[in-house]
């Protein structure tokens, strides 16, 4: 039985099945017949991811336990391990965890009888964001093989970048990176190109947020960051006709992207958020089924909405 | 299709229908048969209003998304607009928003496919508080026409004062104001009288909270604010036999009102809170119906509990 | 009709009935057929107790109102009394309150038409923790009479110690205390023994958390607190074969207890948390029944899982 920590643990076929299940949930609600509790343990601020999980949980019929670090015993020095064990003891059937530590999972694995969903691990992994990005790309191109994806921006601080780069490569996409010098991570085995090259070749341009709170130098609107490294209106005009823009949000308007482009025709930014709910429903119900908490046959009822085009 | 931003957008007849629907909900629960999500986006502290909305939402059978600014991406600089669009994208069917900005609605109107309920806009409008005040007054007098309402206290900082003054005048009431010099708003087209005059003529004395957090000078219990401008026991004795006391709360006991009067026979302060739940049920279900999210016929089932006495 | 403030108000027979009902809920869910609201008003940080109450409430089918002091009108100076009256007015059917004041209950009693559950009163009482501790002890020994219970640690700051000592004595247990000099409360009518004596005689060793936030001197891992007063591995070896270890958590690992003992065979620490949910279900449903809010017959359906062995 697997926790949902990284898409490295999922095969191409399993990833495609998650995408199909996500599309299925868009069409048809699935409400559990028994009472199960999902506990959301977020140790970093979040609007989108946390609320997306909550909507997904409620759409599955899960009861939600909402942990706020500020009002909790972590104020009294309690560790993540003890907090997680506490939620297990009081009846949580699943933990959804975001924590600033890259490797928090290592302290929990093997010590819990309930599954964990990784909702963000430090600078390392953000696999549910990755799955919703995959869903958004697949909706557009009905395949991953041969698609050019350029990940642009604050690579070094981005867990989104890392989760996406490896998984997209596994799915058959060509992955490129583009970043300002201080934002590069040289340990990643993907080629760096310039932003001007990026807009020319990308089928999918995946912008990242400058994580001001993790940087020592400020990248604000008064600098020429947008002009040098961001998606200006000028650069957008050089993009391929079919190319789309992604961004995990929150967006620094006029830093990573010109504010006028946030809702342009190429933008799938709010579509990504919408997809996030269904991607997370698929992840959570699949994991709960693998752990034996859901007995209903989730997928019996539906016809796959798309085929395995992206998988060789 | 209207957002619920100001009762200026509602006709007298429509306001009376909201009041009737509120009374109906007191008698008979209405639970939705489909899953809809209400997102509460409060950017200012609130107990009463927020909890009242949540109870109202749950009584309607709505699923509740509770946004806490402190734990959110507004910490990362996200705007109200992007936050609202995010909640729309992840599946909210309605937004309930309180924000310190007087005019936040302008940035959202026309850009969302879901209705917005104004739960407090800066110093300008607080229309759901207004409707619950109307409900409380109507329960007492079965009309608005000719009723003397005096709004007393921190007029200049009060969105409650403004929403109530204009709407009560529209409904046919006579509206007066009374305030300490620093608390007056001279732009309002209503006569100022003294507190001593107020207690003599009022059918409804609507006290307001001194908003310490918005004042530069302190109005505390050591000053003679209560004696000069508040409702003392002495003044209460001069009130008309039928006259009632309202206060939107939280109350500064012994500032706006002698603490012993908070639960006196004339006080409808906790009744107002109780009415708030039903008023908000009426508002939310009406708006959701106007926007096509509720298909059930809400009002088919009931006999109006009171007639249109207050409407000419 | 009683609030649930202290187990001093409950007879031995009633306490046994609560324990039996708790065991019943472990086996069989009880979901209310009507909509009732439980409001959780926590004025001190809490993970375990608050989440345990929420799980218990949801398992009973109660709707939950979650009050966060930080976002509330207590920021505007609102008192506990006015906050409680507000929740009553907007439709709460029960209040669960934790507050730093020892005697907050006195201001509320007699002024509310709904029951109050004490979820922690200053340094004085924590009766729901007490009931879950009783449940854990009873599961082990099927009686209280003659059982040696040693309460160890920060007695002077512990509401858990006081609630437990008196109630366990009433149930027939022999109660001893052990504490460092600065942690003793000499007003309690129970004998103090040394930690070395404690491990030899205890059937139940009830460790308490050092409440750093209430102490002026620090008791940290660099001092020899563990060696002098805590449960070391050495001392654990001197315990009786049948003896168990309790701790209300959060635990200061390597202060009150060696970290390796937290999940040892004798430890019932996570079992306590699990028991807490069922104990609180029993308490809340019993109180709601006494107040006439629940009409269903809760206990008709089940066979008592254990007998009155501990009650003479």
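Side notes on the structure shown:
In this document, chain identifiers A, B and C correspond to the written order of the chains, with residue numbering beginning at 1 in each.
By definition in this document, a contact is a pair of C-beta atoms (placed from the backbone, for glycine too) under 8 Å apart; a residue touches a chain by one contact, two chains touch by 3 or more.
Molecules present, by chain and UniProt name: A, B, C = Aspartate carbamoyltransferase.
The shown structure was predicted, so the numbers you read here are calculated from the model rather than taken from an experiment.
Residues touching across the chain A-chain C interface largely differ between the two copies, under half of the numbers being common to both.
When the CA atoms of chain A are superposed on chain B, the rotation angle comes to 120 degrees, reported as a multiple of 5.
Chain A and chain C have Cα centroids separated by 40 Å. Shown for chain B are the residues that touch two or more other chains, namely 66, 68, 70. Touching chain C in their complex are the following residues of chain A: 35, 37, 39, 63, 65-68, 70-79, 82-83, 85-91.
Interface residues of chain A facing chain B in the complex, by the touch rule stated above, are 29, 42, 45-48, 50-52, 54-55, 58-59, 66, 68, 70, 209, 212-213, 249-253, 270-271, 273-274, 276-277.
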